[in-house]
Amino acid sequence: MTTTGNLTQLGTKVETPASPELAILETVPFARTDGPPAIVRFTCPEFTSLCPVTGQPDFAHIVIDYAPDELLVESKSLKLFMTSFRNHGAFHEDCTVAIGKRVVEATKPLWLRIAGYWYPRGGIPIDVFWQTGTPPEGAWLPETGVAPYRGRG
Amino acid sequence: MTTTGNLTQLGTKVETPASPELAILETVPFARTDGPPAIVRFTCPEFTSLCPVTGQPDFAHIVIDYAPDELLVESKSLKLFMTSFRNHGAFHEDCTVAIGKRVVEATKPLWLRIAGYWYPRGGIPIDVFWQTGTPPEGAWLPETGVAPYRGRG
Amino acid sequence: MTTTGNLTQLGTKVETPASPELAILETVPFARTDGPPAIVRFTCPEFTSLCPVTGQPDFAHIVIDYAPDELLVESKSLKLFMTSFRNHGAFHEDCTVAIGKRVVEATKPLWLRIAGYWYPRGGIPIDVFWQTGTPPEGAWLPETGVAPYRGRG
Amino acid sequence: MTTTGNLTQLGTKVETPASPELAILETVPFARTDGPPAIVRFTCPEFTSLCPVTGQPDFAHIVIDYAPDELLVESKSLKLFMTSFRNHGAFHEDCTVAIGKRVVEATKPLWLRIAGYWYPRGGIPIDVFWQTGTPPEGAWLPETGVAPYRGRG
Amino acid sequence: MTTTGNLTQLGTKVETPASPELAILETVPFARTDGPPAIVRFTCPEFTSLCPVTGQPDFAHIVIDYAPDELLVESKSLKLFMTSFRNHGAFHEDCTVAIGKRVVEATKPLWLRIAGYWYPRGGIPIDVFWQTGTPPEGAWLPETGVAPYRGRG
Amino acid sequence: MTTTGNLTQLGTKVETPASPELAILETVPFARTDGPPAIVRFTCPEFTSLCPVTGQPDFAHIVIDYAPDELLVESKSLKLFMTSFRNHGAFHEDCTVAIGKRVVEATKPLWLRIAGYWYPRGGIPIDVFWQTGTPPEGAWLPETGVAPYRGRG
Amino acid sequence: MTTTGNLTQLGTKVETPASPELAILETVPFARTDGPPAIVRFTCPEFTSLCPVTGQPDFAHIVIDYAPDELLVESKSLKLFMTSFRNHGAFHEDCTVAIGKRVVEATKPLWLRIAGYWYPRGGIPIDVFWQTGTPPEGAWLPETGVAPYRGRG
Amino acid sequence: MTTTGNLTQLGTKVETPASPELAILETVPFARTDGPPAIVRFTCPEFTSLCPVTGQPDFAHIVIDYAPDELLVESKSLKLFMTSFRNHGAFHEDCTVAIGKRVVEATKPLWLRIAGYWYPRGGIPIDVFWQTGTPPEGAWLPETGVAPYRGRG
Amino acid sequence: MTTTGNLTQLGTKVETPASPELAILETVPFARTDGPPAIVRFTCPEFTSLCPVTGQPDFAHIVIDYAPDELLVESKSLKLFMTSFRNHGAFHEDCTVAIGKRVVEATKPLWLRIAGYWYPRGGIPIDVFWQTGTPPEGAWLPETGVAPYRGRG
Amino acid sequence: MTTTGNLTQLGTKVETPASPELAILETVPFARTDGPPAIVRFTCPEFTSLCPVTGQPDFAHIVIDYAPDELLVESKSLKLFMTSFRNHGAFHEDCTVAIGKRVVEATKPLWLRIAGYWYPRGGIPIDVFWQTGTPPEGAWLPETGVAPYRGRG
């Protein structure tokens, strides 16, 4: 089992990983008690990646909700993971889902969902919403409340 | 199967199609994995068409949500398609539903819904909401959050 | 069946009807396809009627959502109908429901709901919400999003 | 059956009742037709009572939703009833529920709910939400949309 | 000098005046002390008049700021005056300025300004702003803060 | 000179004064340094008084800005003073200015302004703005930012 | 002098002019009295033109404020003029200023300003603000209050 | 059974407890009647604790909803309990859930939920949502409505 | 002259200073060019101190604007300074001004202003605004835009 | 004189410049007429650079207002210039001012100002505001309206 003692990035000066593949999502144990699962939400307004076709930067506002089972994402490793997309090329739909899947892989949560609110291109922004299944029975999952896009005015 | 290599409009200088009929909605493959479908949202605040009776311009703010199965809408072709309504006459209700149906026809999604928020005429705006069925089980589909109309004050 | 050719008010200079009873709600055919019904929303922030007791003007912000079956409300006739309440006296609750019922009578929709957000009297505004039944299965019906009342501050 | 002709306060100069016990909630008949019930909402941002322990004024923003059966609350009597709490001492939880119960007693509605949004004391506001049961099947009951509390900033 | 004892409308059941000409703007004395003038603001979201050409109703949200000298507008007479425009035809620009001038005539204030925020016609709302001169030195005159118009989205 | 040691209400259980005349606005010394004056703002959303004509409660949202010279208002005494209007009858314009003048009298500030945002009566709210003179040179005085009134919608 | 009797477009079915050059801005006389000028604001959220380089549609939200001298813009002719840009190519900066100048030419106002809030291209919207000079002394000119652009989140 | 007479902190000058363990959550009896439970919401924007690793302060906005059975939280004791975290170190997820569990332990409610909206660290805020089970049948539980995080812009 | 090489806290693990007196505000050189000064704004929503009378925690949202001359505040030292108030007792007015003066002392700016938006006590929040003088000629100083306080509703 | 014919980047596929030094800000001629200057605003919510000390990404929302004299910034070259900061290290204050100065150097405007709204670090965001001088006489320069920072809640 991963313990806090195993963390390699927290409290240490760590270089930004050069790619998502090189980023290490670390975890800390979560003492889940009986009863419905807790929901944990990360809001990441500082996300940027590259367009796989043109190489131009893309920007997104990412929101992740998950129901941890035995492991929590260690938040500094999450930040480094998000930062590792800076020089990575991917389509909006794939990129959003892939981030969600990496967190699933690392923490084996009871449930996870992710929203990617991408900045407009050609006057049309794209949002991507994905979750691993119906939210867990008995858990509380508020709306993300992100404002809709409005060109001008 | 449609592949990115087949795209005829992306990365090319393309004239705005003269009518929706002449517009080509192109697609790219979507590697849908097991589990609940992802939802993709396009927000189009730059839509305009013509009143079929008076020929006067109409304006709308269009939001499309769909659950891609094997195909994604290629977004530049979507933009061109939306632009092709510029000289096209149609009633609000018909026009909104027709846009949704064209995206269904092109991408054969698991599910789709569309909202057309039309600008007021005679002091009364009309909104049109349509979907192909009950949203897919297990998918996450946030509210569009578009503000209600308020004349003045 | 009512057709556009039968319309007596659209594209013609028509006097405001002197009362709701004299107003004629006209319709146009709606080519409803298979699948879940579309929802159409009218937002009417310009509504005024009279208090049946004091004769003083009342004001309301009215929102109508309906699922057309074979007939759409012709919007100019709707505007004239709404305007016909200008010299009509009615209580908030009755007036709101009555408007909804007239649209039901004229269009025989699959479903309809109406909200009347009346301006405050004695520091207390009254809202009236009514619908013909549970919304149709598979239809999409967003919130109206009207802001709550707040006296001052 | 209560009729409008029985009203003792409407259109008359009436003193503010000295306590809730002395206030008379009057009603008017409601011609409920077949089908799902209408919902009527009162928003009362001008409510004040006294702390039963310290005698200091308390303030609240009160929202009442109900589904009238055969009787409507006469709104001037409601205003006088709300005003009658001005010199009345009660805890937030009890006071909110008690207002709801008085309206239930007077109008015997199909259903009622009440929200009391009390102003902060000790930096912490208290909200109280109560209803008589699950909302009636087929009725439309929008969110109250009251903004959450935020100390400063 | 006009005194409260001279008021003919306050605390009396008064019919709505049939036209602005027939409406009587009454005043009460204001004990203005030395120092900069106070500013008094009326906000009137319930204004409606008629289009002088088509006879169709127009709606506006009116805000009046004035610096009373020796007379205050009696607010019930102001309400009756505003209501008297209900069957009166006037252009937006003229109507807004005329309301301001009537209040000037009745109260002879140190200064007055008026804003008329008219509901859109042809997709374009018109606002009219007028004042009698530069605001009085040393008076405090906050912004009206009325939201800008936005068609949809 | 008033010192903290002279305070009679702070840290003591004090009855609400029965009228503004009986309320005591206490002060504490303020060590004003050289340079432009500081501005202190109190926001009081819990204000209520009585209509001098009908005896019905009035409500207001009061904002006071002042530039203390040698004395600060002790805030508990301010709260008691504001509360003392609960059974006091006064017109909006007079009441607002009178509150400002009492604070001037108690603290002899370099400058003061007050805004009373009164809840609507007859559909028209009244705001009253008053200040003792042009704001002091070099002081910083942000907008109060109170939202404008909007009946409904 | 232009009079209402000279109007060629109001109350008549008029084709949308094919270009701004072909559009006719008509005027009506304005009875300006002594004292500071009134300000009239048009808000036009339905503006679209073409990019002069690519031919792709551009969209903007246009706000015009002017101080009429002897002539008002007739609002139907303004709408037709704005619509005439639909097939016209122009850069944002030039187009915005040119609209303002046409209104100046037609109405010879005391003063005019215009704002063009253009929709984003390449992730960056452009706003253009122009006026004919310092606003007239003694006129009241509120902020336009248009919301700033925010990509997403 | 705990009664108000047993309260040791209300109306008494009490030192802030040095730790959550030393804080005493007191209760008052709640006269729950038949029918669906009431919901009581506390909003606590003044929460601060320490990072267990670095000792740096953390801040959170905490919202607690519960359905009291026979006991209410006495609100002054709640405030003291919340304040007792000031020098306490805990991770966001653990801390949020632990606060909820203490209120459960003290009041044995029918149901409780808690939200901790923690301020951003490393550009990413964490929200924690937990509840004891599915909300009680027939109770009314509005959204908390807390705004989503947005870095800047 | 202070240089970056002299910094003792940046990039080092530093304990929170036990009091403001022990906190060290460090600076870095600022290469001010000719022309009007730049304005730098810090927004600190995580501020807490103690009431000097009761020892209870106070909370504030602090905004600092300054025009650096030759020195910038090093931001980590600013954070530690702000944190050092956690166990410090001070009145709102004094505390706010004192923070401003410490930054003045450390950086000798061309100009500085500070706003303290304190959380409500007794239902009334206090804001304190102070600046060192009239803002420098030619500098740009936008509004802070902090929302006004509103109890509930 | 720079003409459109000289543009090397518009309508061409251009690689993102590797650093601001390598980016070329191109211009197009601006036909400035007599009278007060126009103001042009660019809003750039997609800006990111690197911390010069840690190499970690920084994010900002940048707003540029300028009064062009004879040259406009060509907007594609502006976008490429903004993008060129992606791998560039600079302090917030220096970086913001430097962007402004480069636009000044390229376009020699009558006047320019820039705002950098940087995302929070250590819980405190920094804003930087700079302009070349007092705005030009007679030009219209609306507020940027960017929302203030608020940690959570």
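Note that the chains are named A, B, C, D, E, F, G, H, I and J in the order they appear, and that numbering of residues resets to 1 at the start of each chain.
By our rule, a contact is a pair of C-beta atoms (placed from the backbone, for glycine too) under 8 Å apart; a residue touches a chain by one contact, two chains touch by 3 or more.
For reference, the UniProt names are A, B, C, D, E, F, G, H, I, J = NADPH-dependent 7-cyano-7-deazaguanine reductase.
The shown structure was predicted, so the numbers you read here are calculated from the model rather than taken from an experiment.
Peer 1: I need the common contact partners of subunit C and subunit E, sorted by label.
Peer 2: B, F
Peer 1: Which pair wins on C-beta contacts, A-J or E-F?
Peer 2: E-F
Peer 1: Specify, for the interface formed by the sequence copies subunit H and subunit I, whether it is same or different in terms of residue numbers shared by both sides, with half as the dividing line.
Peer 2: Here the answer is same, because the shared fraction of interface numbers exceeds one half.
Peer 1: What whole-number Å value describes the gap between the mean CA coordinates of subunit D and subunit J?
Peer 2: Each chain's C-alpha centroid was found; their separation is 54 Å.
Peer 1: State, to the nearest whole Å, the distance from the C-alpha centre of subunit D to the C-alpha centre of subunit I.
Peer 2: Inter-chain centre distance comes to 45 Å.
Peer 1: Please compute the C-alpha centroid of subunit F, do the same for subunit H, then give the distance between them in whole Å.
Peer 2: 34
Peer 1: Which subunit C residues touch at least two other chains?
Peer 2: 45-46, 54, 59, 61, 119-121, 123, 125, 143-151, 153
Peer 1: Let me make sure I understand the interfaces: which chain pairs count as touching?
Peer 2: All chain pairs meeting the touch criterion are A-B, A-E, A-G, A-H, A-J, B-C, B-E, B-F, B-G, C-D, C-E, C-F, C-I, D-F, D-H, D-I, D-J, E-F, E-G, F-I, G-H, G-J, H-I, H-J, I-J.
Peer 1: Could you pull out which subunit I residues touch subunit D in their complex?
Peer 2: Checking each residue of subunit I against subunit D gives 45, 59-61, 117-121, 123, 125, 146-147, 149-153.
Peer 1: Which stretch or stretches of subunit E touch subunit C in the complex?
Peer 2: Against subunit C, the touching part of subunit E is residues 13, 15-16, 45-46, 48, 54-57, 59, 83, 86, 119.
Peer 1: Mind listing the subunit E positions that touch subunit G in their complex?
Peer 2: Those residues of subunit E that touch subunit G are 53, 93-94, 96-97, 113, 115, 120-134, 143-151.
Peer 1: Would you mind writing out the residues of subunit D in touch with subunit J in their complex?
Peer 2: 148, 150-151, 153
Peer 1: Any idea which subunit G residues touch subunit E in the complex?
Peer 2: Residues of subunit G touching subunit E: 10-11, 30-31, 33, 35-36, 38-46, 61, 63, 68, 72, 75-76, 78-79, 82, 137-147.
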